[in-house]
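Below, chain A partners chain B and then partners chain C, in two separate complexes.
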Partner chain A sequence: METTSTFTLAMRRAGAYFKKPWNVVLLVVGVALTITTVSAMSAIVLDTVTVHPGQSDDPTGAGANCALFSTSTSCYTLLNWKNLFAPAMGKLLEVNFLTPLLNSVLLAAFACLVALVYGGIFAYLVTRTDMPCRKWLSAIFIFPYVMPQWTLAVVWRNLFNSAEVTGGSDGLLASVFGLRMPLWWCQGLFPSSLVLGLHYSAFAYIFIGAIFRNMDANLEEAATILNTPRWKTFLRITLPMIKPAIYSTTLLVFSSAMGSYPVPHYLKLSTLTTQYVSMNVAKAGQASILAVTMMLFGIALMVGNQLTTSGRKSYTTVSGKSGQISKIQLGSVGRWVIAGVFLVLTLFTSIYPIIAFAFETFLPNPGDYSFLRTGDPDDLTTKWWTTSDTNDSSLFGQPGILFNPTIWGGVRGQLIVAVGAALIAGTIGLLIGYCVAKNRRSKWANFVNNMAFLPYLMPALAVGVAFFIFGSSLGLFNTFALLIITGTIKYIPFASRAALNSMLQLSNEIEESAMIQGIPWWKRMVRIIIPIQKTSIISGYMLPFMTCLRELTLFMLLCSQTKIITLELDYFDEMGLYAYSSAINLILIVIILVCNTAVNKLTGASIDKGLGG
Partner chain B sequence: MPAIELSHVTKRWGGYYGVDDLSLSIDDNAFVTLLGPSGCGKTTTLRMIAGLETPTSGKITIGDKVVFDSATGVNVPPNKRKVGFLFQNYALWPNMTVRQNIVFGLENDKTLSKAQIEERLEHVSSIVKIEPYLKRYPSELSGGQQQRVAIARTLAPRPDVLFMDEPLSNLDAKLRLEMRSELQRLHVDTGATFVYVTHDQTEAMTLATRICLLDNGLLQQYDRPLSLYRDPVNLFTADFVGSPSINFINASAAGSGSVIDLTLLEGKHLTFTPNTPLDLAAARSAIAADAQAQAAAEAERSKVKGYVKKENTESNFKYRVPTVDGNTDPAAEYVVGVRPESVRISEDGPLTGVVYSSMPTGMDTTLRIRVGNLLLTSVVFGSVDYALDEQVRFGFAGDGVLLFDAGSGKQVARGRLG
Partner chain C sequence: MRRSLALLSVVALAFPLAACSSGESGSGAADSELSAVIAQAQGLSSQELYKKAIEESKGKTMYGIGNSSRGSTAAESFIAELQKIDPSYDGKIEWSQPKNNSIFQALSADINSAKHTYSMTLIQDGNQIQSKMLATGNLLNFIPKDWGGDQAKDGNPLTLQTIGKVFMVNNLGSKKYTNVWDFVAEGEKPMFMGVNSEPVGKNFLYMLTSPKYADELKAAFDKLPADQQAYFQKTVDEVAPDVETLGLEGDNAKYGLAWAKLWAAQYNEKTDDGPICNDLVTKSAAGSTALIVYSKLRSIEESDSASVKNVDIAAYQDDYTGFGGYGYKHYLMLTKTSPLPWTAMAFINYMSTTQDGFAAWGKDIGGYGAYSAINQDHSNDGGDEFPAKNDKGPSWWLDDSAGRLVIEDPVYTSKVSTTMGDWIDMIVGQKS
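On to the complex of A and B.
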C-alpha cells in the first residue's frame, strides 16, 4: 500500500478540480464579478459618510467633520445622514427624501399593476383565445419595450401639454383641438406609472405568455369535465399556474420602474432618481443616501426572488406534452371588437410614436402645429435636418441633424458601448450559464449565479451611481471603458439567464458523449454546445445590445453629455432644440428596430426567447 | 487487459447513499449487466467507472491502471480511460449528420489518417447497417436508426470497454428484441468488455454472462444469470429475477437434518428435504452472528473521519405474500420460495386449490390458484386452459424449492417439498 502525503493528496485533488474547465471559469468569473460588484456597491455606502469638497451646507471647518474616523487622505463623518434626516429646515426632509421615496414606491407599484393587467390580459388573449391578428399584434406589442422608455413619456407630453395647465408651448391636442387636460393627467404619478407600465407590459406578456403556451391544456380540461364553472377554473387552476410569472414580472418591473430616471424627469414627478440628480452636485453625500435607499430595495427584491424561486420549482411539471390547446371562442363579433381595441392601443404605443417623432422634426417651431389646421406644406420645414448654416441663431450654431457631428458622434459612441457591453456580457453570461448548469449542486456555482443576477434587480440609477463613484476613484470617468464595464455588469443577468435556461434544456449526455471520445473542451463548446443552442445564445448577446442602445439612466452619471446619443437628448432640450431630440429619438428607434428585425430574420433569435419566461 | 475492479466504492449526496461500499470485479471480455429497480445506483456505478461521476470514496481499476483512488487522489478524466459509452437517449449531436457524428471523435485521434478514418466509418456503419443514412441528420431518423448510429459512434474509436446505459429502453418492444440479439452478436464480434445497465430483468437474463444485482445502493448478488435464478441468496434477488414472480409462502419449521416439517398454507403440513442436510438452529445463529458482525463493521466505519450516517435505509426490500382480500399474511419465521413452473398441477398432488384466474398465451398458461385466502402462481406449459373456480390438485416439483429466513431475508436451503 503506497502512502501518500497530505500535501500530494491535496495537490492531486486540486488538480482534478481544475482539470474541469467549468470549475476554472466559475472561479475566475466569480472572483472578478464579486470584486467589481461589491466594491462598486460599497463605494456608494462609503460615499455617504465622505466629506465632499465644497460641501455647501457645511458650516464647520473640515477638521471638525472627521467625527466618524479619518485616514491620511480623507475624513469620514455622519454629517450627510444628519443633514438629510434632521435638516436645519424641517421641510427639507420631506422634499429631499420622504416625498421622493413615497413617489418612487407608488410609481413602481402602479407600473407593476399596469404592466401585469395589460400584459397579462394580452398574453391570455393571444395564447388561449381565437382573437384574430394574433401574430401581428404580438409582434408589435413588444415594440414599446424595445424602444427607449421615455418614448411614450415624450409622446404623452407632446400630446397633452398646454400653455395654460403645464406652461410652456401647447401640445398637439391643445393647439389643434383646444383640448386641455387637467394637470394630474398631464404630469406626475398617473402618466408616469401608465407610461412605465406600458413599457414593461412586454415583460408580463413574455413571462405569462410562455406559461400559457406551455401549460398542459389537460389541466383545464380535466376541470371542465368535472363540470367546474369557467371562472372557477380560471381562479383555481389557471391563475395559480401563472403565479411564478407574476412574481418574476413584479420583481423586474418594480426594480426597473424604481430606477427609471427619464420618465419621471419628463413627466415632472419627484422620485428618488430625479431627486438624486438634482442633489448630486451640491449635496453629493446626501444624494448617495438616496442611492443607498434604492440599493436596499434592490436587495429586498433579490431576497424576495430567492423566496419565490424556491417555490417555483413545484411548477416545473407545467410544460406538459399535450399540444392541443383548446382556444376559447370569443364569438364572431367579440373577437373582432377585442382585436380592434388592442389594435388601436398597440398602434398608439408602438407606431404612433415613430410618426409623431418624425412629424415633430418638420415643425417650424416647437409646438407649432399649424400644418394640421392648414394642410399647407409651407407650414413645415426641413431646416432642422438639412441646414448647414452655422450662423442661424435659432439653431445655436448647430448644423442640421444630418450633418451634425455631435449627434453622429453620439450614435457612434452608443454603438461602441452597446457592442462592447453585449460582447462581454454575452460571453460571460454564456460561460456562467454553462458552468452553473454543469455544477448545479455546487454552492459556489449558485453563489456566482446569484452574484451575476444581483444587478438585475438593482435600480439602474443606483448601479450608475455605484460605478460613477467607483469609476471616478479609478480615474475612468468619461471613458468608454467605464461605460462598457457598467453596461456589462448590469446586463450580464440577461445573458446568463438566457444561457442557463438553454443549457438546462440540453441533456448532459450530449456533452458527455463527446467527452468520452476525448474531444477537448473548446471543441465541444464550439462544435457541439454553441451550434445546438445558437438561437438562445444569440439572444443572450442581443438583449444587452438592445438595452444598452437605448440606455440613459445607467450611463447618465458616467460621462459627458455628448459622449453617447441618449444623453444628448437633454443637451438639445436645454437649448430648446426639440426637433433635435425628436430626431434623436427617431434615429434610436429606427436603429433598434432595424437591428432587432435583422437579427430576428437572420438567426431566429428574439427578445422573448432571451428573457425565456 | 481490461478487467475492471471496483473496491469499496461509495457515492453519496449528503446522507443519501447512491452506491454503498460496492466491490466488484468484471472479467475481461465479459458481458456484465448492472440490474436493479430504479434508483438502486446502477447508472451511478456505470458513470463512476466511466469517469463521468466522481465517487465519494473507493478505488477503481481498469486493466492494470488505477483510474480513481480516493486515498491517493488519482482521478483519470473520462477521455483518458479509453472507454465507450452508449447513452439512454443516444445523445446524438443534432447539428451534425450521421457521418459527422461518427467521424467527429475519430478526427480527434491524431494517430489516425484520413483513409483509416474512412475505413472505420465504413466498417462500423456496415456492422449496424446504416450506410444509406450517412448524410442525414439525427432528427430525420427513426428511433431504431438513431440507436444504430449511436452504437456506430461508440464503436468507431474501438474501445476495449463498452458501457451502455439502458440503451434499449426507448425502443418499442419488437425492435428491442431485435436489437438485443444484435448486441449479443456485437459482443462476440468486437471482443470488448460490455457493462450494461438495465432495470429489465429479462434483458439482463438473456444478454449477460454475469449479472450484478443492486438494491438501494447495496450489492445483492453477483452471479451468472441462471445461478441468480436458481440459487438466489436472499428474498430480494428471488423476487426481482423471474417473470412471473416467484411465490412466497409463509411457513414455520421444525426438525433437522434431511427431514424438516413445514407448516404452511393455512395449517397444511409438508416435508422439506434439503439438498444437503441442514441444522436449522445452527443456520439461524450463523445468520444472527453475521448480522452482528455487520453492525460491528458499520460501527467501525462510523469512527472514521468524514463518516455520514446513511439516511436511505428504510427502503430496504420487504417481501409480500399475495392474498385474495389484499390483507397481509401474518409474518412467520420462514418463507418458502417456489418458482411458478415448479407449482405443478397433477391429479395426485398433495394440495387442493381453486382456479382464481387463468391466462393462456398459447405457449403456456399462467394460473393463479387460491388456497384459502392465499394466492399461488403457476405456469403450465402447452396450450391448456382452465375454467375459473374449477378445483385443481397440485404439488411442488423438483429440488429447487427455496427456504428463506424471514427476518434477515437470507436463503437457508434449497430442496424438495412434498
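On to the complex of A and C.
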C-alpha cells in the first residue's frame, strides 16, 4: 500500500515535472549532449590503452585479430603510456611530450597576451575615446577572425622568409627590398603567438568593448574630480570593471590557441597538436595520450570558467543602465596619430592579406614576385583562373579556379556543413539558453549548460580526434552527418551563451501573461520570445555558421580532403599552390561578409553582437 | 545526481562498444568468398573483366580511395572505356583523397564498420601497408592476367608505379655535388618533406641501412677525398653502437645509419615537394639542394626570377657517385570488404595494364609503371633548353649501375620501423 502511494506520488511529481516543456527539453538535450560528448571523450581515453595493429604497441602482432573496441583483453595494453613517459630512448619524452607541451602552453599564453593587449586597447580607443575613423576601423578589425587562422601565418611566411635564414627562396620583403629578418622572427613561437593573438584579438575587442560601451562612467568621473591620475584611474577602476571580459577572453583564446594545428604547423613550432598529427601515423595510442592531455586542459579551463563566473558578482560595477559614457579626449594631434597607427596595423592584418591573396592568383609561379621588380605585365598571368582543361602541366594537373569542380564542390560541402551545424547548434543553443534561464537554480540545468560549453573549451583537435574515433566506430567517417554533428557539438556554446544572456534579460511576466491565456509553449516561443530577442538569437546562428565555414582543425581528421573547402585550402597551401588557396580564401571571405551584411541589414544582428553575447 | 551521471557515463561508454561489435562478425566468410572471386578474376582477360564490371556496377557508384588525386582522372577514362563496350553503362566512381596520412585510418574504419564504402585503394607507404594492411588481411592483392610486370618485384602487393624523388641542385651556386655524401656535408640544408608528414621519406632512411644500400653508401664513402672521409667518419663511429641496438644487419649498416642521421639532423623541412620546387628554381635559392618528386619540375613557368634552367639533376652528371634519389611505390589493392569487387578489379586492371589507364600519371616525367608497356617516353621533354626535364626513364633510374634509386621494400621497412622510427624521431625532434 505504502509502496503504491510512494509510486503514485513519484509519478505525480514526474508528471508535474514533465508538464513544463523546459524540463523535457533539458532532459532530452542533456542526455543527448552527455552521450555524444562523454562517448567521444571516452573513446580517446580508451584508445590510449588499445592495441593498434602493426604499430609500436603491437609488438607481437596480436592486434591483427582485434576489432575496434574489442572485448578481448589481449587487445588492450599500457605500452603506449610506458613508451611515451618512459621511452627506451630517454630524449623521446622531451621530443614527443615535454617540448610540445611547453610550447603549447607558451603559445596559448602569449596568444592571450597579444589578443588582450591589442584587442583591449583597440576596444578602449573605439568605445571610450574620440579617436577618428572608429566605425571603419571597427568593421575591419574583425577581419582576421573572419579569415581562416592560418592565412595570416601563410602571409607572414610569404612576407618574411629569406633564403639565408629559412632556406629555399626569398619572401616578398627579402626579394624586393632585401629586408632579412632573424629566424626567431620568421618561424617558431614568436610569429605563431603573434598570428594567433591577432586572429583572436576580435574576442578581446568584442568582450571588452561590450563592457566599455555599457559601463557606468560615474566612478571614473568621481576619480577625475578627486584629481586621481589617469593611469591610477585606469588601474584601480577601469581594469577591475573589465575583469570578467578578460577572464572570458583568456579562456576562449587559451583553449582555441592550444588546439590550433595549422598556425604552428606552417610556422614550424612543435606543439601538442602538430606532434599529435605527426605521431598519429605510427604511434596512434601515444598520440591519443596527447589528445587526452589537451582534453584535461579543456576541463581545467571549464573549472576555471566556473570559478570566475561564480565570482562575477564582485564586479557588478557595470550597471548597463547609465548613458553617461564620457569620451577621453586624445588631443587634436594625438587622436589622428593613434588612428594612423591602428590604420596601419589593421591594414596589415586585415586588408593586406586580401590584396596579397588577390595578387597571388595572378603570379606565374607560386611566390614568384618578378612583376614587382620588372613591372612587366608578362610576369603576370590569368591562367590560375581561366584554364579550363587538366592538361596544362603548369597548373599541376588542375583546371583553373573558375572551372575547377573540386573547388566548387568543396565550397558546396562547406556550406552544407556550416548551414547544417548552424541550424542545429543555433536551435539547440536557443533551447538550452531558454531552459537554463527558466531553471536558474536547478543543478541539472547547470550541468547541461556546462556540458554544452565543455566542447568549446576543448582544443579543436582533441574534439576532432574524439569524433574521429567515435564516428569511425559508427561507420560515419567521411560523411556530412559526422561533420555536422561535430560542428554542432563544438559550436553550441556560441548559441547557448548568446541565448542565455538574452533570455536572462527577459522578465518572466512577458511569458506569464501569455500562459494565463493558455497559449501553448511553442507558440509563446515563436510569437513572443524569439521576436523580442531575435538579434541575439540570429547571432547565435551566425557564429556557428561563420566559424564552421572557415574551420580546419576540427574537421581535418573526419573526411577526405576534397569534401570541404577548408581542407582543400590547406591541401593547396601545403602543396604550394598559393593561387588556389588564395582564391579560396577570397571566396570564403566574400561569403562570410555577404552573409553577415545581409543578416545585419535584414535583422540588425551581426557577428559582433553574437560574440559579445 | 551522482548516480544519474554515473549511469550516463556507462551508457556513453557502452554506446560505441555496442555499435562496433557488429564489425567483428562475419568478415571471415566474406573474406574467403572475395578471395575466390579474386582467384577467378586473375584468370580473365581485360575485356572479360570489363564485362563483369559493367554487369556488377550498372547504375551504381564505386568508391575508391587513394594517395593520388589523379585516381579521379583515371576513373573518368575507365568509365569511358566501359561505355565503349556498353553505351548504356551509367556506373560512377567516386574518388577520395584523405588528408595527410589518414588513408590507413579511413580504410581501417571503413573495413571495421558495419557498412562498407570503399572497394579499392591506390595506396603508398610500403611500411604501413605491410604492417597495418597485409598483416591484418585488410587489403587483398589482385594481379591482372594481362599485367606483364615482374611478379617477384612488383606483384605482391601489385605495384602501379614507382615514383622517383631525385636529388636536385640549384646550379647558380658555386658548389658541386658529385657524391651522395655531399648532400649531408657540413652546413648543408637540403630541402625535404617532413618524414612524419610524408612517411615514405622515413622508409627511404630505413632502406639505407639494408645491406644493399649500405654497401652502396660505403662504396661512395670510399671515393670521397680524405678530409671529407675524416669528417664523416666521426658520425660513422658515433652511430656504430646503434647498429646492434636497432637490430640492423650487415657490415656497412653503420654507413647507412650515419648518412640517415646527418640527413635527419640537417634537412630543411617543407610542407610539400611543390613549394620546394618553386623555391629551388628561383635565382634567390642559388646553391640550394633538394630531394623531391621529379615530376614537380613540369609545373614551373619561366619568369624573370624562376627557371627550370636553374636546376640540375645530380645523378645526370657523368662523374656522380652514389644513389640519385629514392623510389616509392603506388600499390593497387582491394579492401577485404569491397562492395563492388569486379568493378574494383577491372579498374585496377585498366590502370595497371593500359597506357590510357596509366596516362594520368604516365604523361609526366618521374613516374614509372611497373608494367613497362604502359610507360610513355619523356627522354626529350625538355630538349636542349631544359635538360633537367629530359627523363632518362625507368630503365636508367632503376638500374643499379646508373640512376640507382633506392627502392622501398615493404618487408624490410616494416621490420626496422619500430626501433628506427623512434631513433629518427629523436634526431628530428632535437633539431626543432
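Just so we're on the same page, the second predicted complex is superposed on the first by the 582 of 613 C-alpha atoms of A that agree within 3 Å, B and C clash if a C-alpha of one lies under 4 Å from a C-alpha of the other, contacts with A are read in each partner's own complex, and residues count from 1 in each chain.
Assume contacts are C-beta pairs under 8 Å (C-beta built on N, C-alpha and C of every residue); 3 or more make two chains touch, one makes a residue touch a chain.
Small disclaimer: the values here were computed from a predicted structure and weren't measured.
Trainee: When the two structures are superposed on chain A, do chain B and chain C clash or fit side by side?
Mentor: On the superposed model, which is not a single observed complex, chain B and chain C fit side by side.
Trainee: So, A:K523: does it touch chain B (first), chain C (second), both, or neither?
Mentor: It touches chain B, and chain C stays clear.
Trainee: In the superposed model, does chain B or chain C contact more residues of chain A?
Mentor: Per-residue touch count on chain A favours C.
Trainee: Identify the partner contact of A:Y276: answer first if only chain B is touched, second if only chain C is, both if each is, neither if none is.
Mentor: neither
Trainee: Which of the two partners, first being chain B and second being chain C, lies in contact with A:F160: first, second, both, or neither?
Mentor: neither
Trainee: What is the contact status of A:Y76 with respect to chain B (first) and chain C (second): first, second, both, or neither?
Mentor: Neither: A:Y76 stays clear of chain B and chain C.
Trainee: Chain B and chain C, closest CA-CA distance after overlay, in Å?
Mentor: It is 18 Å, taken between the nearest C-alpha atoms.
Trainee: Where on chain B is chain A touching in the complex?
Mentor: Its residues touching chain A are 13, 50-52, 54, 71-75, 77-81, 83-85, 87-89, 91, 93-96, 104-105, 108-109, 153, 157.
Trainee: Considering the complex alone, what residue numbers of chain A touch chain B?
Mentor: These residues of chain A touch chain B: 2, 4, 8-13, 15-16, 19, 441, 507, 509-510, 512-520, 523, 527-528, 531-532.
Trainee: Using the touch rule from the top, collect the residues of chain C that touch chain A in their complex.
Mentor: Residue positions touching the partner: 1, 5, 8-9, 11-13, 15-17, 19-21, 23-24, 65, 69-70, 73, 96-102, 105-106, 108-110, 112-115, 117, 128, 130-133, 135-137, 189, 191, 194, 196-197, 199, 268-272, 274-282, 284-286, 288, 298-306, 360, 363-364, 414, 417-418, 421-423, 425-426, 429-430, 432.
Trainee: Under the stated contact criterion, what part of chain A meets chain C in this complex?
Mentor: 31, 34-35, 38-39, 42-43, 46, 53-56, 59, 61, 63-64, 67-71, 87-89, 91-92, 94-96, 99, 163, 166-170, 174-175, 265-266, 268, 270, 277-282, 284, 364-370, 373-374, 376, 379, 381, 390-391, 393-397, 443-444, 447, 468, 470, 472-475, 477-478, 556-557, 559-563, 567, 570-571, 573-577
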